[in-house]
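In what follows, chain A forms one complex with chain B and a second complex with chain C.
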Partner chain A sequence: MTDRKNILEVKNLSTYFFTDNGVVRAVENLSFKLQEGSTLGIVGESGSGKSVTALSIMGLFKGTTGRVVEGEIIFEGKDLLKLSEEERRGIRGKDISMIFQEPMTSLNPVLKIGEQISEAIIEHQNVGKSEAMEQVVQILKDTGLPRVESIVNEYPFQLSGGQRQRVMIAMALVCRPKILIADEPTTALDVTIQAQILDLMRRLKERSGTSIIFITHSLGVVAEMCDEVLVMYCSRAMETGNVKDVFKDPLHPYTRGLMASIPKLGERVEELYTIPGNVPNPRFMPKGCKFAPRCSEAMDICHEEEPPFFDFGGGRTSRCWLCSNGREVK
Partner chain B sequence: MLRYLIKRILSAFGTMLLVSVVAFLFIRLIPGDPVRLMVGEDASYETVMNVTRKLGLDKPLITQYGIWMKGILQGDLGTSFRTGRPVLEEIAPRYGKTVRLALISISWSVILGMLMGVWSGTNVGKWQDYFGVTLTVAGQAVPAFWIGLLLIYVFGVRLKVLPVSGAKNWKALILPAFTMGTSMAATVTRFTRSSLLESLKEDYIRTARAKGLKERVVIWKHGFRNSLISVVTVIGMNFGAMLGGSVLIEEVFVYPGIGSFLVSSIGLRDYVVVQALILLLSAHYVFINVFVDIVYAILNPEIRFE
Partner chain C sequence: MIQKNKSPAPLIVKDLKVYYPVRRGLFGKLQHVKALDGVSFEIAKGETFGVVGESGCGKSTLALAIAKLVKLTSGQIILDGEDISHYSASQMQPVRKKIQMIFQDPYASLNPRMTVRDIVAEPLIIHNVCKSSKEVDEKVIELLRQVGLDDYHANRYAHQFSGGQRQRIGIARSLALDPILVIADEPVSALDVSIQSQVLNLLSELKKHMHLTYLFIAHDLSVVEHISDRVGVMYLGEFVEVSDRDDLYNRPLHPYTQALLSAIPSIDPEEKKERIILEGNIPSPINAPSGCKFHPRCRHCMPICKELSPKKSVITDKHYVYCHLYTEKDKKE
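So, the complex of A and B:
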């Protein structure tokens, strides 16, 4: 492992939603580390717990039935889960900020763009309105938006989806956060705009050194953006490791399945590969490995007992019985 | 926006023209002869004919309507059959009293309703919410005149702390204003609560929280601002009904406004006064609607820029 220090460490995180129809275990015993200045990709299918992981770090469960039931989220030596709501509010938007998937609905329709960004500045920094507005104009220019001086006085409905996502990025970065969580920031955008937004995030990251958690369901985006990757399936981590290593030699059959599902340029196949079966219903989880029912390499033990993590050093782990040659964790 | 506004105001005048025809015909459809009511049963045929001619009631309806309209355009609403004084002079002081009562009622009920709605909506499932919802249902279900009678009994008859009739001082306004605003307060509470709950579910609320804003700011600046749009519609619709409802409340509290004046004028078939009052009450409805549209545009930038 490199000698960079961890800016965020998530240990044994479990987050459940207590709905009227029972408990939904959205994140189960999840651990990972985010190194300072690096980008961690969290990849997985819809409902695998990626977004809930992000919300757990942000502490954004107000108005939902969700709650972190176990674990630690260590940021700069402090366990965020032990802080008061008031202390966490001071971190949100200042040290750790987040951009969301839906730029169309994530901005308040009745407030001007400038107002929506500057309120974060005024909340976290000791500056007046006009100084905050100067910062707003500067950060919007950094995101490559045109005619910034008039955009600050416009409303969200006057901007396109790509422009709104740039505004969201500006809003998240304006207080120079140490960690930026991007929850599928390009999923709702056109392909050409997607590339522009990814490019923008890479540029801004290089300049500010912000550590990023990049949530996506696309391995292509991971390859392009991330240093480390965490593959999630059914609320659990399945495989972790350096992006290069994982792409060269995926250890977990699920990761291999995801990679086989990416269409390759210049290769014409009759049918795209898909992983057979569906993600299991969270209320009827398989007993052993959660991926076993869909796994072509499943053995008897896979259906009986959930595999632990096997550690191969350098941050590479895999939750699969096939990897039992590695060092077992716990 | 300006063009839209001009269009709305022009169509409002169209509506008023229609209302004037209905008001004019409606009062003449009620059985009963205003002249007989004025001169008494024993008056001679001669007297009746003279008075009829003097009031212009012998002319064809269309001519009577024309005379009325012509007067209105010149700022003359006609002369009351009953008192022989210009209708405008009769209405003006009473109108001021009714408007004062209505404005006081709407002010307290809208402010209290919004506060209660937010209080209730941000404490869903807790006692504060049940308390608010119970009060709301009660406020909407109980008829205003009954609340009025109850208040008169408790504060006027039993405790003897507040006057129960008239409009002499501010104290006399307390009970009627409370009665008049109750159902409005309940309606505003209910709509504020439900529409706040809707907007608190929106993605931009999560964004606001992700910025680390204080919960108070999240609720009032981001949630409440957005829910106001639908609350204003309800207020506008109910404000019109409130002025119409003043008829009942003014009767209960013997309040010298246009409501009680309208009732007695209908009794005496004072055509000119009734016409004028119906026109006035309708004008409230119509122009409050225009006003609501303007407030809409202020609250919702998307409408403003269209």
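So, the complex of A and C:
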């Protein structure tokens, strides 16, 4: 890896939900690093714990039964998990901000767009209303929204999906955060609007050096936006590494399965590849590797013992017994 | 596959318009969102017709209009030789089973409190197609097997299934009545890639075995390329280009189609594509631009584009486009 410093380091994170029907182990012993000024993509099966990882970093479990049960989240040398709620609120929205998966539910329907965004500014910066509103107009213009002067006086329902998403992005960026967590920011959008938004995020990254965690189903978006990638399955990290390396030569059979499943432009096949089987029932988790029951390359040991991480240097790791030629990490 | 034989095309749509009335404020002027503004096409038996286009261009409205779930402003819908454009709700009742819909969100479209058996059996019972409850049970099991689910799944509740399995249940239900036309509105958009490929394969397989005809709406152009025989590109309530799949992807003609195709992210991190970023937003369907509706965002905009809406230019018998770049020639002659 280059000598850039890590702005965020997640170490052995486990986050559980304590529901009436038992414990949901949403994130299990997860570790990764985010380098300053770089973009990390998180991909993986639906329900694999991507959003919960983001919520753990934000510390947003109010109203749920969720709780970080183990691990450290080091931001600028401090373990966020050791801070008070008060201190975390000061970081949230200012140093670390997030774009949520559903823009509809995360905008306040009865507040005008301008008011929603200026609220965040007033909370974190020592400025008055009119100055805040000037900043709002500027950041909305930066996102490429048309007729900004009128949009600040409109309500969320009056905007199209793509416009709403850009408002969310503006809101997340208005305090120039050091880390931006974007959870499926473009999934609901069509490719042309997606391209506009990716372009916007790239420009912001160049201009303000923001580090980004980008959660998405789209491997194409990862290839285009991210420097590093983290592949998750069943609450765990399966593979990490530089995007170019991982996409060119995926080490983990699950990553290979994901790459093979997507229809590729210009490639006419009768049938798409599918990973056999389904995600295991959380109540009957396999004893060994969680992917073993679906893995065509599984060996005896895979069904018996969960593999550790094997490290190949440069951030390249894989949780797979086939990779046991790498250096083992706990 | 698109040969014209004796039996009528499953679907013919002629100059279809759907305008939604909207009022700005309590006493505001009544205006119309022109969600569909003159759409014509047909789908041949056994064909998959893919529809792509920007968010808000009218794709879902097209699906709803064909199923007569929104009021048509004008135009014709001919289903299996029968003109249903003016049918009332009661006249639609016997026709309804011929058109089935698969929706985007498998989580929202199934009732979590019903068992899988009840969900799949419901249309069979409503339309009275089975003689006994034993026959219903048999048919349900047959349908579940067709979509790759097992007998023992029948007694479970929908919420106990994964996204891909739920989408299968929805598909089993939509096939219960041997539909003439299956309309799938973003059927895989909410699914992750590994489940997406399962559902796409299932749809192709069913099409082969049951000779189904699909209207397939999606915003992922690689998905549409994979599944479709023919593709229509929509912009602001109109088709701007319609073609057989290969020609459309190899030789996109409309500047909007070109922009769409250039915007698809590639999974090869080394590939740096030249991307056509469309400036500005999709204009309001209430006050659509004059002339060609795409002209304010078009790289090739010419004076005529602002004044005159382009006529259909037939490129081959399977490929046509509405764009002045391709009509200029005719005019000079």
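We take it that the second predicted complex is superposed on the first by the 330 of 330 C-alpha atoms of A that agree within 3 Å, B and C clash if a C-alpha of one lies under 4 Å from a C-alpha of the other, contacts with A are read in each partner's own complex, and residues count from 1 in each chain.
Assume a contact is a pair of C-beta atoms (placed from the backbone, for glycine too) under 8 Å apart; a residue touches a chain by one contact, two chains touch by 3 or more.
Since we're looking at a predicted model, the values are computed, not measured.
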Partner chain in contact with A:16 - chain B first, chain C second, else both or neither: neither
Chain A residues touched - chain C or chain B, whichever exceeds: C
Touched partner set for A:309, first chain B, second chain C, both or neither: neither
First (chain B), second (chain C), both or neither touched by A:194: second
Partner chain in contact with A:155 - chain B first, chain C second, else both or neither: first
A:75 touches, of chain B and chain C: first, second, both or neither? neither
Which superposed partner A:321 touches (first chain B, second chain C, both, neither): neither
Touching partner for A:32 - first (chain B), second (chain C), both, neither: neither
Partner chain(s) touched by A:60 [first = chain B, second = chain C, both, neither]: first
Chain A residues contacted in one complex by chain B, in the other by chain C: none
Residues on chain A engaged by chain B in the complex (per definition of touch): 58, 60, 62-63, 89-94, 97-98, 100, 102, 105-111, 119-120, 123-124, 155, 157-158, 168, 171-172
Footprint of chain A on chain B - complex, ascending: 200-215, 217, 221-222, 225-226, 229, 299-302, 305
Complex interface listing, chain A residues touching chain C: 44-47, 145-146, 160-163, 187-196, 198-199, 217-221, 223-224, 243-244, 247-248, 257-259, 261-266, 268-275, 278-279
Touching residues on chain C, where the partner in the complex is chain A: 53-56, 162-165, 189, 191-198, 200-201, 204, 219-223, 225-226, 249, 259-260, 263-270, 275, 277-278, 280-282
